[in-house]
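Letters A, B and C mark the chains in the order given here, with residues in each chain numbered from 1 onward.
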Amino acid sequence: MIVVAFVSFSLFNFVGDPVISLTGEDSSIERQAEVREAIGLNDPVYIQFSRFLGNVIQGDFGISYQLKREVSDLIAERMPATLELVFVSALLAIIVGVILGVYTGIHRDSFVSNVILVISLAGVSLPTFIIGIMLIYLFSVILGVLPSFGRGEVIDLGFWSTGFLTISGLKALILPSVTLSLFQMTYVIRLVRAEMMEILQTDYIKFAKARGIKKNTINYKHALKNGLIPVITITGINIGTLIAFSIITETVFQWPGMGLLFINAVYFVDIPIMSAYMIMVAFIFVMINFIVDITYYFIDPRIRIKDEMS
Amino acid sequence: MLLKTFNKIYDTDVGYSFFNSKIAIISSTIMFIIFLCSVFAGVVAPYNPFDPASISLMDAFTPPSWSEGGSSSFILGTDQQGRDMLSTMIYGSRISLIVGFASILFAMVLGVFLGVTAGYIGGRYEIIVMRLTDVQLTIPSILMALLVNGIAKSVISQSMHSEMAIYVLIFAIGISEWPQFARVSRASTLVEKNKEYVSASRIIGLSNIIIMFKHILPNILRPLLVIATIGLALAIITESTLSFLGVGVPPTTPSLGTLIRFGNSFLFSGEWWITFFPAIFLIVLALSINLLGDWMRDALNPKLKIR
Amino acid sequence: MSLLKVKNLNISYPTRKETIVASKDVEFTLERGEILGIVGESGSGKSTIANAIINLIDPPGEITGGSIKIDKIELRDNEEVIQKIRGKKIGFVFQDPQTSLNPLFRIKDQLIETIQTHLDLDYQEALNRSIQLLEEVGIDNAEKRIEDYPHQFSGGMRQRVVIALAISCEPDLIIADEPTTALDVSIQYQILELLKDLTQKRNLGVIIITHDMGVIAETTNKVIVMRYGVIVEQGDTKELLTNPKSNEARSLVISVPPTNKKN
């Protein structure tokens, strides 16, 4: 995290001239000197960095060059949108992914399995934005049943605005979340399938067969439980990828989330937003990994009991 | 003589697997065709879409030749400026392929160099390099490419943006992909390091550099090849994504991604072909590379020997 | 009536280049109360035969000919019957106790599940039976230990658990594939004694697969020597140890420490 903060900081201060960005290219030399002093750019680097950290911890990310508003406000506004999208997509990807992965792992050579696998391969080769465009074309242009942009109506719950509680909100959520989840889903399918195939070759499965345990029980109880473990591990990494890809999805669907904010920031070289985004994402990432580690602890008895014994 | 080499290749496990896998043959053929077309774009494409003299706004929005209003001189229709779709696609794929290849090459050179040296030399150097790869691997490549791109753009002055854009892009995508190469080459190097031919080379007094690159490197090429192929597909997709988002190649030398972006605005007004064809082209390209890479991974994997 | 009758068993593995014969015309019988050893070097086909009896040969291997009869019931090509027999009439013990047990389930659950698959008992009855089984195979403090996970047992203990699982539904035949190979030498003796004990108490027929002539000498009544899928010699263990006729048998016997031959 510190590394990320430092990179953000250096971005902020050394890349481009923040003073000029704030005051405009034509400002006088005196004005620039004033602002420079006011911002504290004349202080030594380590003081600037600690000030930066202090600000960040308090949630102050400075002011956007381009939109002339407090960055923290902008982020707070848009975070719920992104988080809801990412959450639904992650859920979709995992649930559908596991189901299909288990199926193709167990019924290795069936026709249905092969079809699913081919589609999953397409999922990896199709760039997310193309999927988005295709879905928009099919459902919005041709069929006209789902909205092609925006978030629908949202209900304001104070610090969080949610689209879950309105029909139009939910409708607007469908296409973007499907688009976003597809890439992850294919990954999960392949992972679970590989896991299942490997597990079905293990000695304990063979022993279970030798004890006469029914096939279905073996597949869906014994094998599955072991197969779920890696899924949890990659979920942490998944979230990172989802956040990255949400940038694309938000752009295609004009979804008002942090990703769209970020892309515009890159386009207009709006540094405060860029550095703030980086920090936020890194933070979310660290949190998720932490949660995954804890979950892992509860699920795998080998880890838990070693601790209890010592 | 040709027949003899053919038989020799066919007899190897890899060769057998290749010629018996319809997928592998089809994908590589497609790749080959696309590749040739883009290299010889000048000859293959019916028009040069970037020559202002050859286009006229009067031809704009012509639908593909098989639909109403289409004409046989523009097989796949024209875009909003009157450029022939087929030609723009061929030129566009050229850009996509160039960026893709270049960035993967860059990533490979950087990654393999760091990986092999890290594995061979070890010590603190290795630890630092590995930490770096670990940290970077947790960052999704798109994000990485975006960030590098963004930072570079703010460092380079406005006027140079268009010229430098392609190099920046190649650099950005390359930076986002190198850790994979580093990780695999380091792991393989560690395995090879303990083999006898390495100690033998040391005894005769070969310098470390020669050992690393002349002896170890050829032996670790197999897995690297698989990663490079799949990485190529990923690089092409990343480039098209970035171009679609508007932060990739400059609009003057559009890649397939840029073309898709152009066409996106006309999707609702009915001129579907402006987006559709470049999209299909891109998908076919990426898919065939992926399929080839997938096949390669299974064929070159010693654990899954064909019965 | 013999417990197990194997006749003309042929097993092969078709590969791309050639077909490997894993077993050719193998024939033997086993009676209740007998311990039969199948010995040979790696690759001689001994494990394959064991796997064939319960039809769990790793693909692409397949049985290409012969008959396997347990108590006059034909097992070959009879998947339906085999399903019911696995675990109920035939118990199997694998080589590595570490990998034989599912690491995520408690011993209690694995035992109860096996019992309830074949016997009509409710949870409490199955639980009691499981505890009894653990005691029978020599695990102290069975009531507490049954709640543990596999990794909480030592190697020898784990193999005892595996044996408990194998006998849980009152089988008539036990097949043990290298049951002691993965264990410490001192534990090996204990496990073999346990097997001998169970054979007598429950009147089982037991087949022990091993490459270790010492195990054969220690435990078995009859022995089959295999090489490249073919039986080269078979007969009474004592006979073979004192008077080996084939080359294979001779070289195997030489490797046994002299004290074991006294049996």
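Operating definition for what follows: a residue touches a chain if its C-beta (ideal position, glycine included) is under 8 Å from a C-beta of that chain, and two chains touch if they have at least 3 such contacts.
Small disclaimer: the values here were computed from a predicted structure and weren't measured.
K.L.:
Which chain pair racks up the highest number of C-beta contacts?
P.N.:
Top-ranked chain pair by contact count is A-B.
K.L.:
Tell me which chain's centre, taken as the mean of its C-alpha atoms, is farthest from subunit A.
P.N.:
Most remote chain from subunit A, centroid-wise, comes out as C.
K.L.:
Could you tell me the distance, in whole angstrom, between the mean C-alpha positions of subunit B and subunit C?
P.N.:
55
K.L.:
Round to the nearest whole Å and give the separation of the Cα centres of subunit A and subunit C.
P.N.:
Centre separation, subunit A to subunit C: 52 Å.
K.L.:
How big is the gap, in whole Å, between where the Cα atoms of subunit A centre and where those of subunit B centre?
P.N.:
Computed from C-alpha means, the inter-chain centre distance equals 25 Å.
K.L.:
Which of the residues in subunit A end up touching subunit B in this complex?
P.N.:
Those in contact with subunit B are residues 3, 11, 15-16, 121-122, 124-130, 133-134, 136-137, 141, 237, 240-241, 243-245, 247-248, 251, 262-263, 265-267, 269, 271, 274, 278, 281, 285.
K.L.:
Given the complex with subunit A, which residues does subunit C contribute to the contact?
P.N.:
Those residues of subunit C that touch subunit A are 54, 56, 83-88, 91-92, 94, 96, 99-105, 113-114, 117-118, 149, 151-152, 162, 165-166, 168-169.
K.L.:
Going by the contact rule at the top, pick out the subunit B residues touching subunit A in the complex.
P.N.:
135, 138-140, 142-143, 146-147, 149-151, 153-155, 233, 237, 240-241, 244-247, 257, 260, 264, 267-268, 272, 275, 279, 282-283, 286-287, 289-291, 294
K.L.:
Could you please specify the touching residues of subunit A with respect to subunit C in the complex?
P.N.:
202-204, 206-214, 217, 222, 225-226, 300-302, 305, 309
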